[in-house]
Amino acid sequence: MSDSDPADSDLGDSDLGDLELPDAYRDLRRDLHRHPEPAWCEFYTTSRLIHELEQREIDDLLFGPEIHTADARRNVPDESTLSEWRERAREAGASDAVLDTIGNGFTGAVAVVERGDGPTVALRVDIDALPITEADSDDHHPEAAGFRSTNEGYMHACGHDAHATIGLGVLDRVLDSDFAGTFKLVFQPAEETISGAKPIAESGVLDDVDYFLAPHIGLDHPSGEVVAGIDEFLAVRQFETTFEGESAHAGARPETGDNAVQAMAAAVQNLYGIPRNSAGGTRVNAGRVGGGTASNIVPGDAFIEGEVRGETTELMEYMWDRAESVLAGAATMHDCAVETELLGDAPSAHSDAALVDVVDRVARRTTGVDTVVEHDSLGGSEDATYLMQRVQEHGGLAAYVGVGTDHPGGHHTPTFDVEERDIAVGIDLLAGVVEALTDTAGLS
Amino acid sequence: MSDSDPADSDLGDSDLGDLELPDAYRDLRRDLHRHPEPAWCEFYTTSRLIHELEQREIDDLLFGPEIHTADARRNVPDESTLSEWRERAREAGASDAVLDTIGNGFTGAVAVVERGDGPTVALRVDIDALPITEADSDDHHPEAAGFRSTNEGYMHACGHDAHATIGLGVLDRVLDSDFAGTFKLVFQPAEETISGAKPIAESGVLDDVDYFLAPHIGLDHPSGEVVAGIDEFLAVRQFETTFEGESAHAGARPETGDNAVQAMAAAVQNLYGIPRNSAGGTRVNAGRVGGGTASNIVPGDAFIEGEVRGETTELMEYMWDRAESVLAGAATMHDCAVETELLGDAPSAHSDAALVDVVDRVARRTTGVDTVVEHDSLGGSEDATYLMQRVQEHGGLAAYVGVGTDHPGGHHTPTFDVEERDIAVGIDLLAGVVEALTDTAGLS
Amino acid sequence: MSDSDPADSDLGDSDLGDLELPDAYRDLRRDLHRHPEPAWCEFYTTSRLIHELEQREIDDLLFGPEIHTADARRNVPDESTLSEWRERAREAGASDAVLDTIGNGFTGAVAVVERGDGPTVALRVDIDALPITEADSDDHHPEAAGFRSTNEGYMHACGHDAHATIGLGVLDRVLDSDFAGTFKLVFQPAEETISGAKPIAESGVLDDVDYFLAPHIGLDHPSGEVVAGIDEFLAVRQFETTFEGESAHAGARPETGDNAVQAMAAAVQNLYGIPRNSAGGTRVNAGRVGGGTASNIVPGDAFIEGEVRGETTELMEYMWDRAESVLAGAATMHDCAVETELLGDAPSAHSDAALVDVVDRVARRTTGVDTVVEHDSLGGSEDATYLMQRVQEHGGLAAYVGVGTDHPGGHHTPTFDVEERDIAVGIDLLAGVVEALTDTAGLS
Amino acid sequence: MSDSDPADSDLGDSDLGDLELPDAYRDLRRDLHRHPEPAWCEFYTTSRLIHELEQREIDDLLFGPEIHTADARRNVPDESTLSEWRERAREAGASDAVLDTIGNGFTGAVAVVERGDGPTVALRVDIDALPITEADSDDHHPEAAGFRSTNEGYMHACGHDAHATIGLGVLDRVLDSDFAGTFKLVFQPAEETISGAKPIAESGVLDDVDYFLAPHIGLDHPSGEVVAGIDEFLAVRQFETTFEGESAHAGARPETGDNAVQAMAAAVQNLYGIPRNSAGGTRVNAGRVGGGTASNIVPGDAFIEGEVRGETTELMEYMWDRAESVLAGAATMHDCAVETELLGDAPSAHSDAALVDVVDRVARRTTGVDTVVEHDSLGGSEDATYLMQRVQEHGGLAAYVGVGTDHPGGHHTPTFDVEERDIAVGIDLLAGVVEALTDTAGLS
């Protein structure tokens, strides 16, 4: 199916005791790394992972529209972009049948393993890449080792290739173990645009989950360090606002224009001026703006691509309410029409102490882990929070877990990379947690 | 009636040939100068002028509500201010009967002289003073000669005391002449706040006028110079906008405030940014602004006292339409309520060439005039334009005439003053024009 | 000395066990309440308190320039304001000798009691009032009981009259007790303008203090509640910035103006837009702004009275650095000069846990206290932090203590008032803490 | 040389009396229309015109660096753009030798004809095209007649193809006439970016000119109408300003960013707020702006591509001075670096009445002209003003002449086109003027 022929993979049989990542997982990780795909276009990636799942003895395999509430998807690219990535995936060896099902931006997959009575445990790993051009210098390991991105301009610069590999590794361990209960593995698309989790959450596929785990590699924690529970996700909402005025000749008839750039500039000035909130930290950013066509034309159009955040969902909503007033008022000021499209968003969330305790306890006995940090804060945003919140609303517990790795470049930079043996640590840790959860008394 | 007892005035009998201003006119001018009163509070001034008119053989004397469309008045001070100036006028000798009629801000007067068949000619002079503290140095003539303002903080700093005197002088000359037709003398209040002309215009008292003349002394033209026709009045609209938000403790609860100062600042930034207009000059000014109470309180209120102008009334309206959008949008931006009160306004206007020609011709033969400028532009605004426009709409002609004088300080400064003999020149010039207009063939 | 003749006071002998505030303290509190004085003008207040101190057996009494580093004083009113309040104080009975020493804005006093070996304990109470007009309705107790403000427009609306009384009450209790060590009572001026603590701190008068206590009444805590340690003071800096441009006629010569209101508006827009800080909460406020003179004059001057705050002193400094850039840039934009005067400021601070523990323990056994809150955050600012920090820098411990009271109106509102019996609770509590501190083992 | 083989051209022999444009001129115009080239890249165009000139009996032919002061050139594209257009020209048939001389952005040419004693008369025509995609509908004549642009995305949408043709036509007429004096024909590049005239002016090539003529076709004047003298060019300066701050993660570390988009927005707000000028009309435009990279990154870079204008050069300079303050202040506000590159500019200019009179007189006797407008204003900008001003500074006279044509679409729109017979009118008119100027008594 893929150009690296994973059919001969022997992933299920590996022994992680020696802390080396077995070849099959390493090959998988590198194949994914070689084929980074942006949000909602993870066609090759999804097809490759489904191919892996189909070779395993799982009880259910869900993908396509059945795992997404279609209306809840945001930021889905236009048809021409989807089509371009579908063709690229097809050429790289993706399955036609899978592409038929997922091809309209319904990427990702859910695998279900049922092993009798016991808790339902879910593991979520994200699979999308970023629009960043990967480093091609000799000291960048993927380049040196021959698995640098082949989708020029795109890159797994946040470790989701490692996440997906960890997911499959844990599944293999569960299959091999005497785990009692139900295990769900979620390959989530479109995390980078904070759009993939919400439609999965709303589909209900996780509503029966008792314990939910979402791992993240790196995050400035070194190899050998585990964070048992990460908290303080900033709730976030991203948006694109367009101002439409009327262009005009700036010398001959300036009065006939309705200046969209003036509206945009007024909006920028006042968005950043939204009052601070005594209830906690907030953020606002007009991260990308533009407008107009030439120096001698009164600009008739402009846009702001921005976001608001808050330490709680309520704080983010406060920012959003204020932002809406600012955007509307700025348009009114300059007789422009204004339209705002919501892109991704994510609530804030917290890791449940009881579940974090289990992770902590398991981490302390996991080979390769030398430091366990009980708690850390994220500082940024991540839409796993939609899934965590959904599980918590239905009575389950959730934890966001950090798996350290020495990464040479920062997240979202061209030289980001992970130590592959830390993928092995991640598999070991999370498989250990799943097993520990079999005995629900563990949380009493 | 007044503290300077003008009852013994012999104004009607003077000979202006020698270019000295007869004593009676000089005394009147100085009495008015001594009692400067702000717009709509010209109680002493109006009473004094009515007293003069009552001593003359005029055919009609109108004052109080009959010369004003009440609803068209703007900027009328509140009752306590009116009351204060009424009492001050009463103490200075104003007539109780007159005060009863004009006391609610219906100042000014119209005198009518009917002398058989012939054109109707109107002369408009304005009578209000300014909130400026008059200079008290020895080289300021009114101080040296003992007629400095007795209403501390107020001053005739624009020559309206001279205008009123010119008006009465011309009336006397008409009474003495063989003028055939109707002559109307209008003492207009509230020019400085551009509010007094509109209610008089709308009252219709000038609708039958064939020739309308409005003189202004000074305007940076020296003694001996006359401007036959002044043009290019900027149409103007003045307004006061208040933003009402919600104040809050800036440290403890900034998020509960709706910041009126932010709204005001956004409005200021964008008012000045209203696009230029290729059809002609425009202006905008946020001349006085303020808001808030203390450094640690989120300001819940703010205001802008401003104006827009245009070389034509249409251009001013263009500015106003844009300004309304800006003010509304600024309020929306910061969740504030906004209210705008229109203060004074005035259209643009032009002097009719045919009438200007008459002024020009008469000026050239007037003693004391050594230079006649055919045309000049005002640069500022003046609400005589409401009266000019009204007359023109009804088929009459109008001219705004400049009478030069060496004024030591600029208009609207504490050292402004006029040469009194130029008042005599003004009387001579305008009386000459009125007489010349008897023969309507003069304009053919 | 004062109009209420406190000479017959029997303050030292009272028994607070029954939770009634002894008459002498009640009379003192009401006398102070009747004579509210603004920051640096607490002439009557200081004189009255010195009079009280002089009647007691204290070892040292400091006041005037000796307790202030003169250069560190900010916000001292101009001489005419000082003079006005001095005369008012003199008329109310203040001592001429005291006024001679404190009359140039060196208000406040420090009393020292030396009782042999033992720790040095300091109690700081603030004494200034606010420019607020006190309520005069019958249900406002000071009005009903006849001790409403006699300095119309000023009011003890933050309980500093109660604080001063608590201070004297604790002194009396220390004098009566077997306290071993040194006790310093500081009557601090100018807290409301966050300017009075810094010059006292820098004078060094507290450098030998081991334990520093600063009580505050009310703060939305009800009668019977004590807060053992208050934290999270926002560091604050207040400033006044003036922009000086060039005024001009807005119609005739707008191009010759340099518009200070545009500069101010640009500054306001961008001050509020200073980036949030991930290290903690920040604040900025342009609390009072203004500029210009009339709608038709390009405004040549404008001002901002504002403040920045931060959860730490570093965060406040971050805000201040950014604010300085904004103010400078705004002036540059509109070719204006800019000048910024620093008004008051205060660092952030924390209460030391060991000292808070003592307060907590004493509070639990104090009559009249039914709830002890271990910790609360202030949310606002207060310059006691200068003193706390100074003591801490010299190795001492500090605590800011809340004494609840049912106050009908909020702090800084016209109906604020305190329950007088809670003054008795405050005396009892703090005297108990001072006594407990004699035995330094209490903190081991 | 070109793909339409103009070698067989018989341009010199045509008779324009019947108002049809001779085939050879029509073919030239269409060939130029088919090969529109942007400013400084008029490689094919220049080569084609030089080819034409080389076939005529002219006395001097100048091109390349000799007609440009190299440093005065602005907006010259980068080498890769130049190279792309050079190759395109080469493929279309441009001469290698010519390309060698003009290929680094030294386009345009000057032809000189010397015919003994007499005045020096110069005719300037511009030759560049615009980055506009030409209409391809059947009712667009160039499409229907087969000479639509072959450089997709570029178009002669302002009639410069007609201008160049008029230039050659006039040259032919001068060669055939008994004109006495010197005739200079200037093919000017880069008018659309207002950058081509200045380097030619500064080269001195026109310093000996007595009479300078610059025709423009269209300008909303219909076929049969001539404007003898166009005035009121707005002086203009175009610029590109870049703000460089520091990008940062908008969620995790907003405080470490220096927000270039905030600086840009503040600049936009305040550029439009530059005060109006009572001396005449001004303009300012931030025509194209942008900044930042993604919604969650504090934007570290931003730009403004803008312009200022004025009815006089002084007014434009006034705007520019103010703009520089605004740009500097905006950068300061947000701790950004700022850099401004001047792009093109042009002074204002006026047509000399004496020369306009000659045009007027000749136009009235020119076949095909039915209306002569003495004077019109341009409203926009045009860098012929640099040449007009240079000639006037050296004692010559200049006139900018309008040649009407019914153009279906507006200037700078995809459907712009000219009536080819009006090119004949233009040739006839301007040749007539040149001949009339032989007799310098015509201007006495």
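Chains here go by letter, A, B, C and D, matching the order in which they are written, and residues are numbered from 1 within each.
Basically, a residue touches a chain if its C-beta (ideal position, glycine included) is under 8 Å from a C-beta of that chain, and two chains touch if they have at least 3 such contacts.
Values in this document were obtained by computation on a predicted structure and should not be read as measured data.
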Exercise. Common contacts of subunit A and subunit D?
Worked result: B, C
For this session: Just grab the chain with the largest centre-to-centre distance to subunit C, centres being mean Cα coordinates.
Result: D
Problem set entry | A-B against B-C, pair bridged by the larger set of C-beta contacts | B-C
Problem set entry | Chain centre separation (subunit B, subunit C; CA means) in Å | 53
Exercise. Counting in whole Å, what is the centre-to-centre distance of subunit A and subunit B, each centre being its mean C-alpha position?
Worked result: 70
Problem set entry | Shared interface positions of subunit C, touching two or more other chains | 251-254, 259, 262, 266, 269-270, 272-273, 275-276, 278, 283, 298, 379
For this session: Would you tell me which residues of subunit A are touching subunit D in their complex?
Result: 234, 236, 238-240, 249-254, 259, 261-262, 264-266, 268-269, 272, 283, 285-299, 302, 305-307, 309, 343, 379-381
Seminar exercise, completed: Interface with subunit A, subunit C side, in the complex: residues 269-270, 272-273, 275-276, 278, 280-284, 379
Problem set entry | subunit A residues within the subunit B interface of the complex | 251-255, 257, 259, 262, 266, 269-270, 273, 275-279, 298, 318, 322, 325-326, 328-335
